[in-house]
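Got a structure for you, questions after.
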Amino acid sequence: MSNITLAQANTIIEAAFAKGAEMGLKPLSVAVLDSGGHLIAFQRSDNSSFLRHEIASGKAYGALAVGAGSRWLNAQAETRPHFLEGLSSVSGGKIVAVPGGVLVKDKIGAIVGAVGISGDTSDNDEICGIHGIEAAGMTADGG
Amino acid sequence: MSNITLAQANTIIEAAFAKGAEMGLKPLSVAVLDSGGHLIAFQRSDNSSFLRHEIASGKAYGALAVGAGSRWLNAQAETRPHFLEGLSSVSGGKIVAVPGGVLVKDKIGAIVGAVGISGDTSDNDEICGIHGIEAAGMTADGG
Amino acid sequence: MSNITLAQANTIIEAAFAKGAEMGLKPLSVAVLDSGGHLIAFQRSDNSSFLRHEIASGKAYGALAVGAGSRWLNAQAETRPHFLEGLSSVSGGKIVAVPGGVLVKDKIGAIVGAVGISGDTSDNDEICGIHGIEAAGMTADGG
Amino acid sequence: MSNITLAQANTIIEAAFAKGAEMGLKPLSVAVLDSGGHLIAFQRSDNSSFLRHEIASGKAYGALAVGAGSRWLNAQAETRPHFLEGLSSVSGGKIVAVPGGVLVKDKIGAIVGAVGISGDTSDNDEICGIHGIEAAGMTADGG
């Protein structure tokens, strides 16, 4: 299994920020996690509220925990809220189950990490995450 | 009170995996807990996401905590979500209240442990758990 | 980076148990974690106390968290106890800093996971962990 | 009170990495926190173990929590370990009390955030943190 390098993580963040600026979004924050759910890189835009790391990382962690983008978790929360509550509990409270947690896959489809974005609407957050991952030459799966 | 031996736990896991393969399910993970809710054995199939131990054990723990298979907990969550939230809280966040947590009973009906499975749909997970328990010569109660 | 497969994890556990039996040790419990600190497989011998999963996994988790076998953590605890307390705290209380958490490395020296053993003395636990890893054709680093 | 901008945080991290490379240190990880103890930016070098964010942020958080660089906390831990244990507890387990958590002050001496570094010895970590802060035109206080 390959990894996301720090250089790739920085590329993802910069490209996600550029997409947000192009779309005129609110200030974004972007977290890049490795396949085990551990932080590689994070940047929070100026004038963002302080919990952005926890939110962005929580989306990415949730995606990795179940092997599906956080849009899938969001759908589960609507149909089976108690399942999401259980997932959140057994993860130690690390999951934010709304869109914007996007799996990163390598060329053979293996999950090598995830990107979490927070700052604008969840849908717009996800668009920027996908853009960032593709700008770094990898495959995105938002769920 | 009798216990589940490690040899029985391994038999349960192997039989559950065999059932999953026979049914063509996604990669499964299986946890076997003793009657006190403590882990005896666990195996996670290759290419599974990383939170499988916590999910599988959370189903089994929930079943043991109330003395009913986790399918009963799932029904409670739908009709009395605040009860499940309370249970989860007082357990220290250890419960996942969806089907797939199956009580293991001995020949006189005493609860000797529980099996938790995660990886496919909750219903399919439960089928494999029941199969594993019966393959080891014990009685299964999914709720 | 390569992974530890479930088949390899089971081989490690069986070989560690065999070594413990050969040495006449107390009943052992063995956890195998992936490189992100998540459980692949665990087995607890009959007649062991109930916290063995948490102890064995805590040794392995600690080794992975800092990239050194838990014998190194044990030495740190003696010279800088406050450092170990800090590590434990920021890990969410997941670390047991005594020998018996052994890194697993592949042929190019990359860390692919860790094995944690508990049940006899920490030194004997470590011997069995190293034996198990080598029996599976990988390289062990106890710290 | 002024803040550390994201641009300044990135400058601090890049300069700290450059200093580590110049000194031939092990792979470093650097966290930059705002004055409220919340993450602005973080980067983990390739081939670092996975708990680096928690360790680096834990040094910086501890420094901000008491208004002194984490070298001061390290000294407290040696003379009054129970004080550090209390601090750690009331912080929710967020403090790592060894050198390498460096306060960032503006031109009038106000604390505007902190930098935490992990990867080499605590002393070398601190040197790189101080270098990064000064490269961004601010004042460093290691304790």
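A, B, C and D are the chain letters, set down in written order, and residue numbers restart from 1 in every chain.
The rule is simple: a contact is a pair of C-beta atoms (placed from the backbone, for glycine too) under 8 Å apart; a residue touches a chain by one contact, two chains touch by 3 or more.
Fair warning: this is a prediction, and the values are worked out from it, not measured in the lab.
Undergrad: Identify the chains in contact with subunit B as well as subunit C, in label order.
TA: Shared contacts of subunit B and subunit C: A.
Undergrad: Is the contact between copies subunit A and subunit D built from the same residues on both sides or from different ones, judged by whether over half of the numbers are shared?
TA: Over half of the interface numbering overlaps between copies: same.
Undergrad: Which integer distance in Å separates the CA centroid of subunit B from that of subunit D?
TA: Measuring from centre to centre gives 44 Å for this pair.
Undergrad: How big is the gap, in whole Å, between where the Cα atoms of subunit A centre and where those of subunit D centre?
TA: Result: the chain centres lie 25 Å from each other.
Undergrad: CA centre of subunit A versus CA centre of subunit C: separation in Å?
TA: Centre-to-centre distance between subunit A and subunit C: 31 Å.
Undergrad: What parts of subunit D, by residue number, touch at least two of the other chains?
TA: Within subunit D, residues 50-51 contact more than one other chain.
Undergrad: Line, ring, star, complete or other: which one describes how these chains touch?
TA: Drawn as a graph, the chains match no named shape, so other.
Undergrad: Could you list each pair of chains that touch, in label order?
TA: Chains touch in the following pairs: A-B, A-C, A-D, B-C, C-D.
Undergrad: Residues of subunit D touching subunit C in their complex?
TA: The touching residues are 48-51, 54-55, 57-58, 62, 74, 77-78, 81, 84-85, 88, 93-98.
Undergrad: For a test of understanding, state which residues of subunit C touch subunit A in their complex under the given definition.
TA: Touch residues, subunit C against subunit A: 1-3, 34-38, 92.
Undergrad: Quick one: which bits of subunit B touch subunit C in the complex? Just the residue numbers, please.
TA: By the definition above, subunit B touches subunit C via 3, 5-6, 9-10, 34, 36, 38-46, 50-51, 53.
Undergrad: Can you check the complex and tell me which residues of subunit C touch subunit D?
TA: 35-37, 64-68, 80-83, 85-87, 89-93, 111
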